[in-house]
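One structure is given below, encoded as structure tokens.
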Amino acid sequence: MPKKNSMPVKDRAVKAGIATGEEVLPVERCLQIHRIMVLARALEERMIKMSKSGEGFFWIGGPGEEAFNTCLGFQVKKGEGPKFDYLHFHYRNSATMLAMGMEPIDAIRQMAMAWTDSFSRGRNFPSHFSRKAWNVVPVSSVIEVQFAMAPGTAIMQKRHGDGVTIVVGGDAGAAQGDFTSCLLWSSRPGNELPVIIITMNNGWGISTSHCSQHSCEHTIERGKAFGIPGEVVDGNDPVACWYAVERAFRYSRSTRRPFMLEAMVARLNGHSSSSGALRSDEPDCIAMFEDRLLAVDVLTQSKIDQIHSQAHAECDDAVAQVMREPRPGFGDIDKFTYSPSEVDAVYPGDYTGLP
Amino acid sequence: MATMVQAVRLALHYGETHLGVTDIFGEDVGPPLGGVFTATQGLRTAWNSPLDERGIVGAAMGIAYAGGRPVCEIQFCDYGFNIIDLLKVAGNQRWAGAGEFDLPMVLMTPSGSGIRGSLYHSHSFESWASRLAGWKIVMPSTPLDAYGLMLSAIIDPNPVMVLLPKALLRVKGDNLIPGEPDDEGELKRRIDAPVGDRAHWQPNWPAVEKYIVPLGVGMLVREGTDATIISYGRTLPLCAQAADQVRESTGFSCDVIDLRSIFPYDWKMIAASVKKTGRVLIVNEDTEVTNFGEHILRRIVEEHFYDLLVRPRVLMGRHVPGIGLNPVYEQNTVPQLPGIKAALEALAKDAV
Amino acid sequence: MATMVQAVRLALHYGETHLGVTDIFGEDVGPPLGGVFTATQGLRTAWNSPLDERGIVGAAMGIAYAGGRPVCEIQFCDYGFNIIDLLKVAGNQRWAGAGEFDLPMVLMTPSGSGIRGSLYHSHSFESWASRLAGWKIVMPSTPLDAYGLMLSAIIDPNPVMVLLPKALLRVKGDNLIPGEPDDEGELKRRIDAPVGDRAHWQPNWPAVEKYIVPLGVGMLVREGTDATIISYGRTLPLCAQAADQVRESTGFSCDVIDLRSIFPYDWKMIAASVKKTGRVLIVNEDTEVTNFGEHILRRIVEEHFYDLLVRPRVLMGRHVPGIGLNPVYEQNTVPQLPGIKAALEALAKDAV
Amino acid sequence: MPKKNSMPVKDRAVKAGIATGEEVLPVERCLQIHRIMVLARALEERMIKMSKSGEGFFWIGGPGEEAFNTCLGFQVKKGEGPKFDYLHFHYRNSATMLAMGMEPIDAIRQMAMAWTDSFSRGRNFPSHFSRKAWNVVPVSSVIEVQFAMAPGTAIMQKRHGDGVTIVVGGDAGAAQGDFTSCLLWSSRPGNELPVIIITMNNGWGISTSHCSQHSCEHTIERGKAFGIPGEVVDGNDPVACWYAVERAFRYSRSTRRPFMLEAMVARLNGHSSSSGALRSDEPDCIAMFEDRLLAVDVLTQSKIDQIHSQAHAECDDAVAQVMREPRPGFGDIDKFTYSPSEVDAVYPGDYTGLP
């Protein structure tokens, strides 16, 4: 199990940065993370607005999870195929996608249900990503099924290179059997798998508190019986998140074994637009990070304001553009059902209605 | 008049005060939310479960085995596809267990499209459910029927599934539930939890009364002579509307049957009407391959083939992997009023 | 001639040596057992999984996402009722995910009655499976078709489910699989694991060849002029036998269609035959409420109502909670030869 | 968590008996247990014979689990309704049923698929019990679903008296999500349930070894994250089993909380008749117990032989009688589907075919 302070000494010493305990995150990295966090927040806020204005319908997303998700995204070994990392997300991972390089407009296209939505062609809810070039497998709304699939991608990765599988879910969802399936399948003796099993613990499943249903405070405790090490991290602290994610990646990538991470996060806009997407008074990881950046003069308030307004402008522009883009039409309903097949006499191409 | 979701809440209240209901539970069913559709607000025996549909159904079975009368909820039927094995066991335990144990459990779940739910809040469940031998399955299309069917579901000592059409949950009825206050606003004030802090809220239940819609009894919502329309749930009011419009414009008049019970269904009512009209249109929104409406058609063909004057028709949802979020998808995936009307007009035009 | 289970084994061997199959897995699929029906003995890529059907399907999906070509097994389809949600996701992921990922996975599972399996080894799965949009579903009735369909299932880049009729798994075929040794004993010696210690056993695979039964193509196993019989799986040979006997005794001759593919089914073949004969008998053993055969009937009624000379018939399993162990239950729950013959004779007698 | 030696001192001291460590099981109890163990074995062996002779078809059962199962059966608070214990068995619990008072002929009627079979009317496999008067809920062949149901009976018990729920499954089956559901639902904070969660660990799931799939040696380790105490017991030693079961009952009955028990047992006749029901060379709990009883002169070899032959004779007589009993007929196929209902217009009585 990796040690908390296993960060190379030089990183800690040579550069000034933001510190949590003995861990210091270099300034440039902090700024990079901050920018994505802000962009992610602006994106979500714009999408919430869309859900109220009728430019979209339903909203669900990740305000409050930006610190962790951004640190995760920057450290992914991004690419296509089993030599790269696979990502099995839940519906609050937009910051991870942005850190990996997604343009905000991509998310907005999905929110706007446009035909140009490359994740689902206007079919799926927001933050239900799917991108083959980055090994982001399709996000489904069915809580926790990604945990049943994650061992599969890791089985392939164990045979090719040093890619790892990342699977992310909520705290309430850990009640599903699939969470245990993931622990079990990732730890079969002699067949341990490089899976990073992540719980984003915001303390709630819709209206039901974690502590009312779960006797264990942290889901990583469930890993012990399977010999899976794990760590709980303050998901509001990008410095702590950065190094926790780094340790998890280092461990899984090198040992080819599973690791658990649990980020304690906020749910800043409630569960979804169904519950109003109202702002809660939980701690805000961006504001807190900005206080720290301001305190050591890494950023000024006016620079921060500028970053925010740039992010908002980028999202506004994206919405404006998307509103001019095509929507799906009647004839698009069957598309992408089947991949072309040389052995299918009825559907050699795509699905075309009943045989 | 009460909405369907209020009617369900009133029925559950009647259930826990008069019919021995011991537990109403599921994800977010208890306080503070009282269900994502508010169906379980203010109920004395309502409680929140872990996010575990298998645990929910299993617990309901255990409670029923041990003398309780549980009503469990699957938050959306779309999340009931990992429990079919448990539903099968619930349906077969009595048959397989020599009738030793009854299993008086109710499973309620919102079903169908119409709430812009995208892939996982638009599924229909009745075709799957109809395959579960040992279960009884109902699906109301009005608040009053929801009340009466829920009471029957609770009283019946067998597993009963109550499918609630998502699209109709917030629609008001035309009839008062026995004991319901005349004034809608009053009902709302008395039984709808306030927005915001509910810590000290208590409902002030009206004294609703026993009202039974028996299982297996359909409702003839329109009477006519020229054709038989068979439907239930979200598409039922559309069928009634289509029948009215076609009758208005052409004089072609239909029996419109609201099945209400999917299993057992009211075969007598169907058979009598088909015999009378010789023209059949079956409408539901579940997917079109191996659909419960195809079963009804098979029974009609089997027993009334020579009574059919023209080709019978079945309108269903398309066999695609899901219902997409953009309205163009839903509009063109499941039957809507124009399509139903067109099918009816075509049926009327078919020469004998 | 190879049995169906040997044919499946040979196909999987061809798959892992020629078609890129990377993983064949499930409960007891790997050494030493090689599957409870021996379908996976001696295969290089076969391995045992935990007793967790959800994990099995999930792992197959993950492997397929990551460029592998998995064939996973559900030991009996009877244990596949807690995975319907995962099967739905497998079927909808491409549609919901803008076609980004293919999911070239095969799920194979024994289905149907006929092995004295009591409640949980006698279920049929095809009616449930046919409702899974995005999947392709096949069910062979001969070893050679099992071989050719399994190869197609492997080659097809979409999720394909191979339902293997339990009752026919040990039945020998009438045709050699291309590359199969002429001598049955030789085949057995070369590819069946010995009883007892298998630690050092290695199969000596014959050089079987590529042989494709395309998806969506039925097989006309009998040709006739008077009626159309549509079936598949366990009931198919019974239908052929019944057709032969009735033809022999009365001269009434039938097309007998072995669907082979449940979805997509061979509508052209069905339609052409129905048009020709005007008399229809559909036979399968799945339960009779919301049955895949009822879907086929609906298509026929929809498109060939006026071609039908007499009332079409569907023979199915009874809507009861299960098939009991005492043979009296199974005999009278799912179609058997006498019942099929009787139905055919009745169809023949119906006046035009 | 109960201590291993919390047995009242008087029981240990006043009576001679068979000892394991400091635990001593009184002679009379030993003899009672031995008789049931032998009867259970004779019953299973007779049923295996039936599966080969055509008097029955499929056999599955509990040879090798007699020591534990008998000790369990004797300590159940037997009766009907939530004031008594509920039993959610797997398919190897015949010894428990015999200890509770079942006649061997009841099991044989099921094996023979007779209409007189009170558990299933000739419908289900052997050892698929169902007896309302004893709170034995119907056993299904679907591995582990009983673990999803067990919390339900315990919910009712927690409201009425001191009954506990006993749920039993195999080691391989613990891979199913339902096993975790049971742990989770039994340990909800403030809603802990009196469930005794039992794994019969014979090291195998059909042909697959436990250690090839499970990183944890014992399933009770899985309980720790849920705060559920547990104990592993040598399932071949009736003395150890007796007291382990006693501790589990005492804990759950008094605290109204869950407890885990894992019995390490043998699978003496393989998985089932499908794999031949051949006798394995694993240790035999009956032979071992008899050695101990012989060693302290509690039994003689001739008395042992007599007990065995009486048991076999009882089973042979039962088979002979059952062969004369009625079988189900065509008209029985629908029976027991529905319980009579005053609100069902189509099926006011039982199921009668399609509406």
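Read from first to last, the chains carry the letters A, B, C and D; within each, the first residue is number 1.
Note that in this section a residue touches a chain if its C-beta (ideal position, glycine included) is under 8 Å from a C-beta of that chain, and two chains touch if they have at least 3 such contacts.
In this text the structure is predicted, and so the values were computed from the model without any measurement.
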If you take the mean of the Cα atoms for each chain, which one ends up farthest from chain C?
A
When C-D and A-C are ranked by contacting C-beta pairs, first comes A-C
Whole-Å gap between the CA centroids of chain C and chain D:
37
From the C-alpha centre of chain B to that of chain C, how far is it in Å?
34
CA centroid of chain B to CA centroid of chain D, Å
41
Could you tell me which residues belong to chain C and also touch two or more other chains?
50, 52, 54-55, 79, 85-86, 94-96, 119, 133-134, 263, 288-289, 319-322
Could you list which residues of chain A touch at least two other chains?
120-121, 123-124, 140, 142, 175-178, 181, 184, 188, 212-214, 337, 354
Can you list the residues on chain C that touch chain D in the complex?
27-28, 30, 32-33, 36, 48-52, 54-55, 78-79, 116-121, 288-289, 318-322, 324-326, 328-329, 332-333
Going by the contact rule set out above, which residues of chain D touch chain A in the complex?
175-181, 184, 187-190, 192, 211-216, 221-222, 224-227
Residue positions on chain B within touch of chain C in the complex are 54, 79, 81-86, 88, 91-92, 94-96, 119, 127-128, 130-131, 133-134, 263, 287-292, 294-295, 297-298, 301-302, 305-306, 310-314, 319-322
Residues of chain D that touch chain C when the two form their complex:
57-58, 113-114, 120-125, 140-143, 172-173, 175-177, 205-208, 212-214, 274, 327-330, 332-334, 337, 351, 353-354
For chain C, which residues count as touching chain A in their complex?
22-23, 50, 52, 54-55, 57-68, 70, 85-86, 89, 93-102, 133-134, 136, 151-152, 155-158, 212, 214-217, 263-267, 299
